[in-house]
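Heads up, the next two complexes both have chain A, just with different partners, chain B and then chain C.
Entry: the complex of A and B
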């Protein structure tokens, strides 16, 4: 049997990562309505920017570089690509942007493989040496602790920005009612760029931690994008972004605990199967049919007396 | 009007913005890179191939024949494609230069194990009447096998062999050892003779479904039959990059040796890097995956590689023991300015194996454009010259088992890296025969 407490801690660290991915997508998709599947590109660029930065800077600065690269690339994708796609064909913007995001993922991976041809494009972030540490008899790694700290800090920073600043107020306004916010002088396009910058910056930093754990690889962005969308949808795109902590942690911890009982493939099927059922159940509960049946009044036992009855 | 403004083409300002982005992005990527090298080889008009192979009037001089070559040109295994292609190109050029058949390679992409891509490639080649094929990823994880038989293309997989699931399939032969089954006997002998502290052996592999359960079961059986204790036998999803759960299980099972199979090089290096965090220095690692020093160094670093060994039919710029092997090595280095690898050696000699089948068909007055005749020629005597093994003027051989369709003779060994160089610690043939301790 594995060390259960250790597995719980590893699962929590991984789960917090999933939560940040989901939270970033809730912020982006919930505010802008754009299915930014290319969030994997921001993850990827964060990691590779850190690889380049770590050649001359200490690793904490490489993490910061990854965060900046994620944020800048997110802002550029929104302002330079998605916004233009939407303005060129507003009626089909949702689908077009989704397709563009997929294309962007493929292009980024292919371009990295092409440009960094030697060694299959695999690169490492230099300057960080991981080690095990024991706290209260529980063994964990230094990197896991740093990642947990990073995720919590990122979530806290975004929440503070949203709650305490005027920019945050504008984001909340657009999330709540886009048209009304525009009437009050808020430019939704600026808000879009802001949330892309925030969400993608957080994800870029997460990419650096993945690269620190093993290495940066051209295909490293796909799985996190998938996890992020699942967590975001299960949480609910209209919910506050930090609500992603619950499903994120649940997935991370359950994943690790299930590995005690079944193979990795079976674990994936079990977890994502349950999440899929949750989504189906939620959709069913929200359906008109269900609402209509749940709120239908029972037939009255006696005929009602008409307002204009003869009395 | 706003509509006009947005619908017009790229103006100068936007062009400059875009250019700046591209240049900036390229600069970051360039900082990560260390330059790749293109490669090309032209027909070797002074080919000495005739010194090692029988190039006679049946060699096919002046004739051309299509050769299907299905490689992982895109996807995670794309780094290997150029090694395989280089081997093919060199063999084609040398054959032409030596006055033999001119193979016309028809390259297809299996997208690094995408079954549908493999099926499409097989169909394309089959419909155009291609009689022979070289492929990889164990005939693209089995998906090509039915098409190979349907279109009657004599096919060799020099990258994955037959594996455990594609043995005895018509028209399909594996041109390297079965991994991991063929490495067990030699590896266990090495443990007993050179690593006597090893008592309990774990196994890490990729979770690829039911075949993984079979693989791990047969591993347990082989380990216990050899007198060792079977420690944790664990698998990991191919998309996984965090091995902490697997490491925890291996550690708690008390393993002091770990066999790693099926995982790709990046995954193994990531596993080793994470294992090094435990501080354990006494665990011996033996993997069956192609050793790519640069990837391992990049991801894992030297410390994590201290006890790492790899075991398979390995070839590099220093392993040739025969004149034929040395000739190939030198020609490869001249053509590509780098050392050959196992994959380039395998695809080189597999191209020559298929040509030898053409020669045999010609000798009997048959039609080498028919896969069925090539297969008959192949199976009539499935023994061919090899760049592996041999000694001096005595050329090494590769032979195939007509029952399993895998190799029955193939020099293999256990290797490690010392001071930046690969050294053999033990060598043996299939089933552990001719075992010898080295180093």
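Entry: the complex of A and C
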């Protein structure tokens, strides 16, 4: 029983991390329309920035460095690259941005392997030692506790920023109707940079926690990016970003429970299988046939496949 | 350098060329992206190897099994996602790639991370293919076959439909093209061709492993196409040569293989980004507006175009309802379009006019009510099905097949004939040639009808807005539709074109077409429409001639007051 509770807690901590990945992507993709698969780069850079910072700073400052590195790299990618890619060929922006994001992942991984050639580029964050702590009879690790606190704090900070500030109002305006927001004087490009900074900063911090758990590796960005996208799509890109908590926690807990039954490699396959089925289910629910039949049973709440006009 | 090493590089280029050509069908034509392309190649590779080792089947049988399994995998992955937003396909193929890598890495029967070794050597006419030079003629043959398949798929009337689907899927669907089926066919074919390359690669390299078919490999294949030039046949081949030769060149220059691989990885990614920013079309660009379908598929003798159809197809709707949130966009609308006349749907912005068009043509599912074309209930049918029955619409924002010439834009709309499906160009070549010629003649007829030069080779996207509207009208007419729903056909058109388009609509009416237009201009409505439907807040509140409606003060207040 105690093992199960412990596994649940561990799974929840991991799941909250996945939820934050999904929430960041809901914020970014839902606002900008960019398929930012290079969020894995932000995760990676956050981790390695923390590794470098931990050589001279205490570990909490290394976490902060990772957050800043994630945010700055996200802003630079949007302002310096995606925006230009979109302007160079607007009709194929989605495809091109995805390919560029994939290329960025490849560059980051290759460059880190070249720069840190010893040990395959694997590096640890200095100055942090994990330990078990007991709360109300339940044992958990200090790192898990910090990660849970970080994720909740990050979600709360983003939510407050969106709800209480004028910058948040602009983000909500662009999410709701990009063209209309632009007509009312909001610069969508500035909003894009803002959401990239926020989302990627949150993910950069998560990268630090992954590095604290084991170590930073050049290929550590791919799987989190993938998990984040599936959770974002299963949640729905138009939904409030904190709705990612439910699928994120579900994936985290399922993954941890499966680890009790099978090897890590088999668990990974099983989780990808579950995610694949979730996507197929989501796709089936959005299919023309299903929408046509479901719409006749109950009123839809928004235009699903309509073609716009003024009438 | 050893000549066998040089030939090995050539062979690698040929195999890479097959992979690049196959993904180019998606990237360059239907404009989809598959991130599982290497995984599909891996399915072919592992299947062929496993069957060869376990069952001892001959080379060609194993390759066929690998190709077939990859093709089936393509169908299974493409089926749920190809009708949805591109993001879904990207994600689903990402997931497929991850699943493939996870399964082959963790399955002991498939050799784990080291892969499968021990595939049988290929023997042809008693001699075993051992050296790269032994393989070269057969790899050239395989590459030639794939090139021929891709040429057929892209330069036949079928290929023109793929281009239309890639350019503007909504308009293609409105013209009756089975967009999802076309996408699925091409997706599966691309997966099958990748599996073919994978299976041959397993025999050539005598090994298959997870690392050979990873995400990085998919990225390399995509880079080949984008750097070389998507939407052409020469571009992906050039890209395959560049991407295959560079890492080997670095190794020959004395760099250790692991570092050469990393440098290549970075150089390729930077090259990719640079190409997208500086030369988005790639090194070899598709000539804009150039003829898509080869003359091989067109008979030399011209045929007279079919005469315009002048039927009396009835389109009616009963009690259509649709809500967006709390707003009733359609509130029990019942309408029957007057046959062989021009009717107009008028009302203030937001009244539900375009929504009604969307509901009638199937672009918007309705909550209640029924739509009939003739005696057929089409309420749950797709836009393409309705178009094939004779109900076709135009769009306010034109939705041109922007990269195609006006002639191709209109030819593609001519209802499906021989050659426009996947196989008949091969199975019925003479019928295909005749059909293509007659389609071209029909397209010329309709372009002439609307007053656009059929020999103008500029891409339609480069024409003026009014000319694009005329081309869109010509393609609507070429579809053979009896009933035309035209959404603001005169909006955004300058004064000198307004009379031209109105004259044209009157000619169409005289030819027996049933036309319904959404229009705000009283001048246009009073000249063209014999019956006016007035919509307000999602409901049809008045019907009659313009004169009758003008006699009703509430109509004048709510519409002309609002519209002025």
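Keep in mind that, in the parts below, the second predicted complex is superposed on the first by the 255 of 311 C-alpha atoms of A that agree within 3 Å, B and C clash if a C-alpha of one lies under 4 Å from a C-alpha of the other, contacts with A are read in each partner's own complex, and residues count from 1 in each chain.
The rule we apply is simple: contacts are C-beta pairs under 8 Å (C-beta built on N, C-alpha and C of every residue); 3 or more make two chains touch, one makes a residue touch a chain.
A quick note: this is a predicted structure, and the numbers were derived from the prediction, not measured.
Asker: Does the superposition put A:49 against chain B (first), chain C (second), both, or neither?
Answerer: first
Asker: Going by the contact rule set out at the top, does A:81 touch chain B (first), chain C (second), both, or neither?
Answerer: The second partner, chain C, only.
Asker: With the two complexes superposed on chain A, say which partner A:156 touches: chain B (first), chain C (second), both, or neither.
Answerer: Touch partners of A:156: none, neither chain B nor chain C.
Asker: Looking at chain A, does chain B or chain C touch a larger number of its residues?
Answerer: C
Asker: Touching A:138 in the superposition: chain B (first), chain C (second), both, neither?
Answerer: neither
Asker: Have a look at where A:180 lands relative to chain B and chain C in the superposition and call it first, second, both or neither.
Answerer: After superposing on A, A:180 lies clear of both chain B and chain C.
Asker: Let me test your reading of the model: by the given contact rule, A:119 touches which partner, first (chain B), second (chain C), both or neither?
Answerer: The answer is first: A:119 touches chain B but not chain C.
Asker: A:295 contacts which: chain B (first), chain C (second), both, neither?
Answerer: Second partner only.
Asker: Quick one: is A:98 in contact with chain B, with chain C, with both, or with neither? Answer first, second, both or neither.
Answerer: Only chain C is touched by A:98; chain B is not.
Asker: Look at A:285 in the shared chain and tell me whether it touches chain B only, chain C only, both, or neither; answer first, second, both or neither.
Answerer: After superposing on A, A:285 lies clear of both chain B and chain C.
Asker: Which residues would you name on chain A as touching chain B in one complex and chain C in the other?
Answerer: Shared contact residues on chain A (touching chain B in one complex, chain C in the other): 84, 88, 110-111, 113, 222-223, 263, 265, 268.
Asker: Please name which positions on chain A make contact with chain C in the complex.
Answerer: Result: residues 29, 35, 81, 84-85, 88-89, 91-92, 94-96, 98-100, 102-104, 106-107, 109-111, 113-114, 222-223, 226, 229-230, 233, 263, 265-266, 268-269, 272-273, 275-276, 279-280, 282-284, 286-288, 291-293, 295-296, 298-311 of chain A touch chain C.
Asker: Using the touch definition from the top, list the residues of chain A that touch chain B in their complex.
Answerer: 1-3, 6-7, 10, 14, 48-49, 51-52, 55, 69, 76, 80, 84, 87-88, 110-113, 115-124, 130-132, 141, 144, 210, 213-217, 219-220, 222-223, 256, 259, 263-265, 268
Asker: Name, in rising order, each residue of chain C that touches chain A in their complex.
Answerer: Answer in residue numbers: 27, 31, 33, 35, 80-81, 83-84, 86-88, 90-92, 94-96, 98-99, 102-103, 105-106, 170, 215-216, 219, 222-223, 226, 259, 262-263, 265-266, 268-270, 272-273, 276-278, 280, 322-325, 345, 347, 349-358, 363-368, 379-380, 382, 395-397, 402, 487-488, 518, 535.
Asker: Sort out for me which residues of chain B touch chain A in the complex.
Answerer: 6-7, 17-18, 21, 26, 28-37, 74-79, 207-209, 212-213, 235-237, 239-242, 244-245, 248-249, 252, 266, 269-270, 273-274, 277-279, 292, 294-295, 298-299, 301
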